[in-house]
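The next part holds the structures, each set out as structure tokens.
The same subunit A turns up in both complexes below, where it pairs with subunit B and then with subunit C.
Now for the complex of A and B:
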């Protein structure tokens, strides 16, 4: 059955009659929904910058068109309030007018276009030029609430990064922006650190308004309807734009620009139509300036004139000193090893330790006869001292890479312990640490070079940016210092400096591997794990990488573990070696001894195969 | 008398070849041997008598089956056969040199770098190591134009001289030599032999294999004759070699 327009309006008129008769006015949000919004707002105020999830309702505006802001406004507004709505800078636009009428018409609040009279201001672009005070609540319609969306696609991973305050990818994107463009170009949604904790996108306001958020007198509420998030910046909260210590934050500004209507040069300006020039983005302010109804002296003090773009300050910057080494105090009780792996095992499948009997070299199989689980590695023991390189050799499937993955934390170990000399003098089993702490170990204590450069690098960012990721994760905040350190490292691994600012995707396999090695060494970790570092490379390129690694290991007091199936690689890089077969260590010894006097039948076969 | 730098007792070594049905090849059947500081002990004997195997068992390139290999550095003697791999690797770098007839340089490195790396392991700083390496290469007439050339492209004789330079630079306490001059022409051979001869004055304990009896007579302070994996004679060069000749 179809309902004609006439039918529909007749029905609506009928319902309105009924409501009027019952003294009920049409509401967009029911009381329950409003209460939920207010609960989310309270949480958001308590944890500034944290995105609180809420059950976003269907609104009479499309999602992405302000449905989140509208729900927040409807949730917090009451009869004593006066609402103002800004679309772009404009109170008079169709969207702004409709939203204002809708809010006014479905609640008992008053409507205004004058910021001074308003108590709740819903905006999809600007903060008014007029001063805001404690009576004001700014409600922002947010298109994209997640500041990390641009650098990380996975929602789960974004959540983890916020939880662990792991924002190095954000810093890398700023680094890349400066490298590509000479300055940070991000306009709307500039990332800020709120209250020293959460990184938040300031979307929808332009950079011009970002300084107004720091230690504001008013409450800021952000609503994202599509993404179902509410977050807040309460009054008197520290809000700092993310910037490198030596590259100042800048607002948008066109030199010598001013509003062609009111003459102001200390306001956010937009292009003034086909005849050129600029006009105020905030039409209310523009009108009042012209009418002489604006305190332009006080406004000038508010304006971010100290943060106008200045190429002379940019990229010259003051020097920031940073620590290269995660300084490790060596005391009397520091063990002689840097890494100690004890009885590490990994069983894929059910049974755990119970699945182990009946597997291994004696049984000729890694598959458990009792449970069918794969025993990838079992009872693996070794330690490595500073300045020493240990080899792990064995054919594909012998479990050598599994052991490495367990040590790094890429794969959870079924059994065993892993200790680092630099962590609690080796008393702590790092396998038992929470994920967050283990991840931090990988920033300055333990680095991995994978067979596949794509596993250790982001191929879409530059060589320098990949190194910057490790350095910013370690807390480096000086752009120039980061650049210099990255250049030093790339020079050491013989990547031409002219390629420093090219995306790694444009590099050859050997060069990618060199960049990965440079990144691994960026913070001079005490332990370096190399997983088949030359396996994907052709012979001449592999030789170059081996020579490089040999030089790097010789000039550092680093403890290295080299996993390879190739005796030539092991011989070139290591002093001692473990031979693995079917998940077990079958023989260990000095590398040249294993090569010249192998005892285990399997090692003898390996050596025989290596002789050409 | 001071304890010997190297004391070998009852050393036995057998190889089990798993690739050939577990065949056992016997090499050393209880070798006893001492080398003191400033002594040059030459190992004599027919091919297969176990001369090289003995050197390798001392250096731990071969793992002995039983017996003892003790080395005295500064304090108490150290039992090398049971020494943990890491400690053995460190001891090798600092205290024991091993020069085989084949160059053991890492691939794609030049003579100067190879020799200097050894000198650094023996306690010299970067600068000193370079100077010492240069002096050692000069002494063995390795042409300066070859110093930064990949060792892999050098001639057999050149390689052997680089190897000897690395073994004797900043001489270690114990030096094991296995036919170190086999590929040298007469002139270079003379330079090499006089270098080895001078080690004794520097108080190095040398255990060497030379196939040439003349060389042994000239350099050795003592000769140990091996036959079928045991010591058959041990005495002054004239006594042992006179009889063998």
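Now for the complex of A and C:
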């Protein structure tokens, strides 16, 4: 193969012929649109890594063919600029050539293939090997700007995850990758964390180029025309590839490889044809190395040779210390309860509080006679102290699970307040907090175990991965530390460690429930809510899970609420109990006393059922 | 030469363009003039105008000719042309009740207000291929039928929905969207959750086949968001285009354009719905394209009912634009050898790790239980 640098003057001559034949030089983007692009670019520079929506126009190239990069280039380029266009690192590829003639043909900028002379470099899939400085603007063509697409298909949910910096799904996918494959298999377009905030897709350039983004001298602009997004990495910005603190990020490598044209072994190489071997992807650099016009010493310092793959470093990394969250410093003004629920009510349907009169045990119905709404729970009060377990018992439809759902935040309450001792010393009503903050409480302040393990677990990932989800959400970044913590928890709930790396879907019901309990305890939350934790299980399996829960509650300073229809479960696990019927609390007291001397006829029925 | 590489790229591109131009523009056949195309390929021209979101028959016809009849490529040419032009004015809102009908049918009622007007359609023409060789037969010697005198009521019939409203059979959503200023999808990208106007505008510009495919997915696919729809109106007709005069500020009619409109009446059956009533979905697009607006009206009502419970809103907003989907599909033809090399390297790294005894873990077979 022969490689020649594209001769800019020859292209100009050809273009001149074409233009002459057409008789006109066409604009391809009107000035108003360019202004819009520049405004989006400015926003993107101000919020590094954030995808700024813009009114992406249709270009003379198709979506996916650089329509976003082209708009950004046309928006930022001027007559004083010199443009270089590459595709796969190559100045002369058809796509690069096509885009170059469009840029050159519709602006007054100069063209070059020499990175040192360029001011704007539009690229697909590469960063030039040559050093980039403050005079350079890199413009990347972006086919898929959403780095979360691989782990989340809903664009609404992706938007929420970015807004709340909730990237635990990404971390779990990395964790699962290492568990399954022994290494992180993400190839090009490797996700990075920009400026300590947004996770961003890198265009896709190969991993080889990713370290060049960190604290770069140049400005990086990313244009995604089809998805109508522009984002940026300004100069001198921290850019870190997503990886665990003790699992090294790895660039591409092939043993004993070098460019068969120029001999370089410190560049990004691509396959060199049917006869084997490799060649430089960056044709400009390759040519200049051969011509002796390249600073190969400085280049070698830039090259990510310290990040070549090394299997020995992958799985025996240095340990990172992590803190187990949830241990609350008790101060003088910390209340003695961990959870206080006051006057909580839930009405399904219209009317709100006005629907309540005429419902409840006295009326024998939960349906409002005035509005037809269903009063699922009303006027429910209780508090739970650290180290205490409270039972909520009632038949199905009595409102006990509704109360729990309101406390957790799965269902909005119609009335009442919920306070956590660990949140603002119990002064804040968590029901009034925005959704984002309520979700955060569930990372390390309050955990739930659902009746159905599928509600609390992702069955398609491993037992360890499910626990890693909670730990990474709480900020853990050490792979080995996460593994150790997950193993401790699984061991404690008596899941064999040989099953830690199997998808939960392959587990039996009882084993899934144990994993769910381990996940709930991962960050040692102050409050644990258990919604019919053994209802779906065989009697013998259920007995084992109850034994386990009893042990776990006894050894922890945790406040637990246990919801069940079964007095045997409540009796085994709790100290105090509320009895609910048709949405109201009809009796309350110490569990032992209620069990042995129930007063309310309804409670007597429940106790009798448990003794049968 | 050419593709992979790099080299001689421009000459190859120019040669390819030259080949297209020669074969297309200098084929040994009579030239297809713009008038030929607008008069003889009306529905193709209308489809391009609708999918491009620009009403100008000669521009769409020129695009179709340049695109060798590929409607999606033609819509791309029209939209790219639009990108070169400044936006000089915004038109005034138009009330579709002003539509002067060229065709109007009301399947839901035998005798609606105003006419059942078949107009120019091949709906009831046997699909038998005619193969005229050369010129078609000369027109009938008898003179063209005299246009029937029509009253204003016949030209602008009241819509079937008005009757349903009078009978109190329709859920009234008017004014509840908070969507008075329509979402301009050409300036602000529409993503879920989006206003109804954004979804309607996206569908109006969507690729016809994509929209019909999405509708049929509801009929026979896994979703079933369309329940039991009856068409209230299918109309094709002319609407006036008005802008405000730059000096006087008064609305001035500067032209007219043809649109197709449909209303789809859906039977409500949900637990939270008023099951004593119907709900109505709306479709409208530039040009004559009944398939598209009927799908649109069905999907509008499906989106109101189920758009956010399932994937429908995201499907409508993000997957129905022909330029987006077609362009992205075709971009797979571009060189990808850098990204592919990066993938190959990870495969090789996994094997190297396996050779070092740290290879991929083979999970226990799914279904193996433990107690």
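Everything that follows uses one rule, which is that the second predicted complex is superposed on the first by the 583 of 612 C-alpha atoms of A that agree within 3 Å, B and C clash if a C-alpha of one lies under 4 Å from a C-alpha of the other, contacts with A are read in each partner's own complex, and residues count from 1 in each chain.
Everything that follows uses one rule, which is that a contact is a pair of C-beta atoms (placed from the backbone, for glycine too) under 8 Å apart; a residue touches a chain by one contact, two chains touch by 3 or more.
Small disclaimer: the values here were computed from a predicted structure and weren't measured.
Asker: Quick check on the superposition: with subunit A as the shared anchor, is it clash or fit for subunit B versus subunit C?
Answerer: fit
Asker: First (subunit B), second (subunit C), both or neither: which does A:507 touch?
Answerer: It touches subunit C, and subunit B stays clear.
Asker: Hey, in the superposed model, what angle do you get at subunit A between subunit B and subunit C, Cα centres, nearest 10 degrees?
Answerer: Reported to the nearest 10, the angle reads 130 degrees.
Asker: Is A:437 touching anything from subunit B or subunit C once the two structures are fitted on A? First, second, both or neither.
Answerer: A:437 contacts neither subunit B nor subunit C.
Asker: If you count the residues of subunit A that each partner touches, which comes out higher, subunit B or subunit C?
Answerer: Result: the larger residue contact count on subunit A belongs to C.
Asker: Quick one: is A:283 in contact with subunit B, with subunit C, with both, or with neither? Answer first, second, both or neither.
Answerer: Second partner only, subunit C.
Asker: Under the stated touch criterion, which partner chain does A:125 make contact with: subunit B (first), subunit C (second), both, or neither?
Answerer: In the superposed model, A:125 contacts subunit C only, not subunit B.
Asker: Have a look at where A:350 lands relative to subunit B and subunit C in the superposition and call it first, second, both or neither.
Answerer: So A:350 meets neither subunit B nor subunit C here.
Asker: By the touch definition at the top of the document, which applies to A:188: first (subunit B), second (subunit C), both, or neither?
Answerer: Only subunit C; A:188 stays clear of subunit B.
Asker: Let me test your reading of the model: by the given contact rule, A:215 touches which partner, first (subunit B), second (subunit C), both or neither?
Answerer: neither
Asker: In the superposition on the shared chain, how near does any CA atom of subunit B get to one of subunit C? Answer in angstrom.
Answerer: 16
Asker: Can you name the residues of subunit B that touch subunit A in the complex?
Answerer: That would be residues 15-19, 56, 60-63, 85-86, 88-89, 106-109, 117 of subunit B.
Asker: Which residues of subunit C touch subunit A in the complex?
Answerer: 2-14, 76, 79-80, 82-87, 186-189, 191-193, 311, 314, 318, 323-324, 326-331, 334-339, 341-346, 348-350, 352-354, 356, 358-361, 363-371
Asker: Applying the document's contact rule, which stretches of subunit A touch subunit B when the two form their complex?
Answerer: Interface residues on subunit A, with respect to subunit B: 385, 388, 543, 546-547, 550, 554, 572, 575-576, 588-590, 592-593, 596-597, 599-601, 604-605, 608.
Asker: Tell me, which parts of subunit A touch subunit C in their complex?
Answerer: So the residues of subunit A touching subunit C come out as 2-4, 6, 11, 14, 18, 26-33, 36, 53-60, 62-65, 67, 87-98, 101, 124-126, 143, 154-156, 159, 179-183, 185-189, 204-208, 226-229, 250, 252-254, 268-271, 281, 283, 309, 311-312, 314-315, 496, 499, 501-503, 505-508, 510-511.
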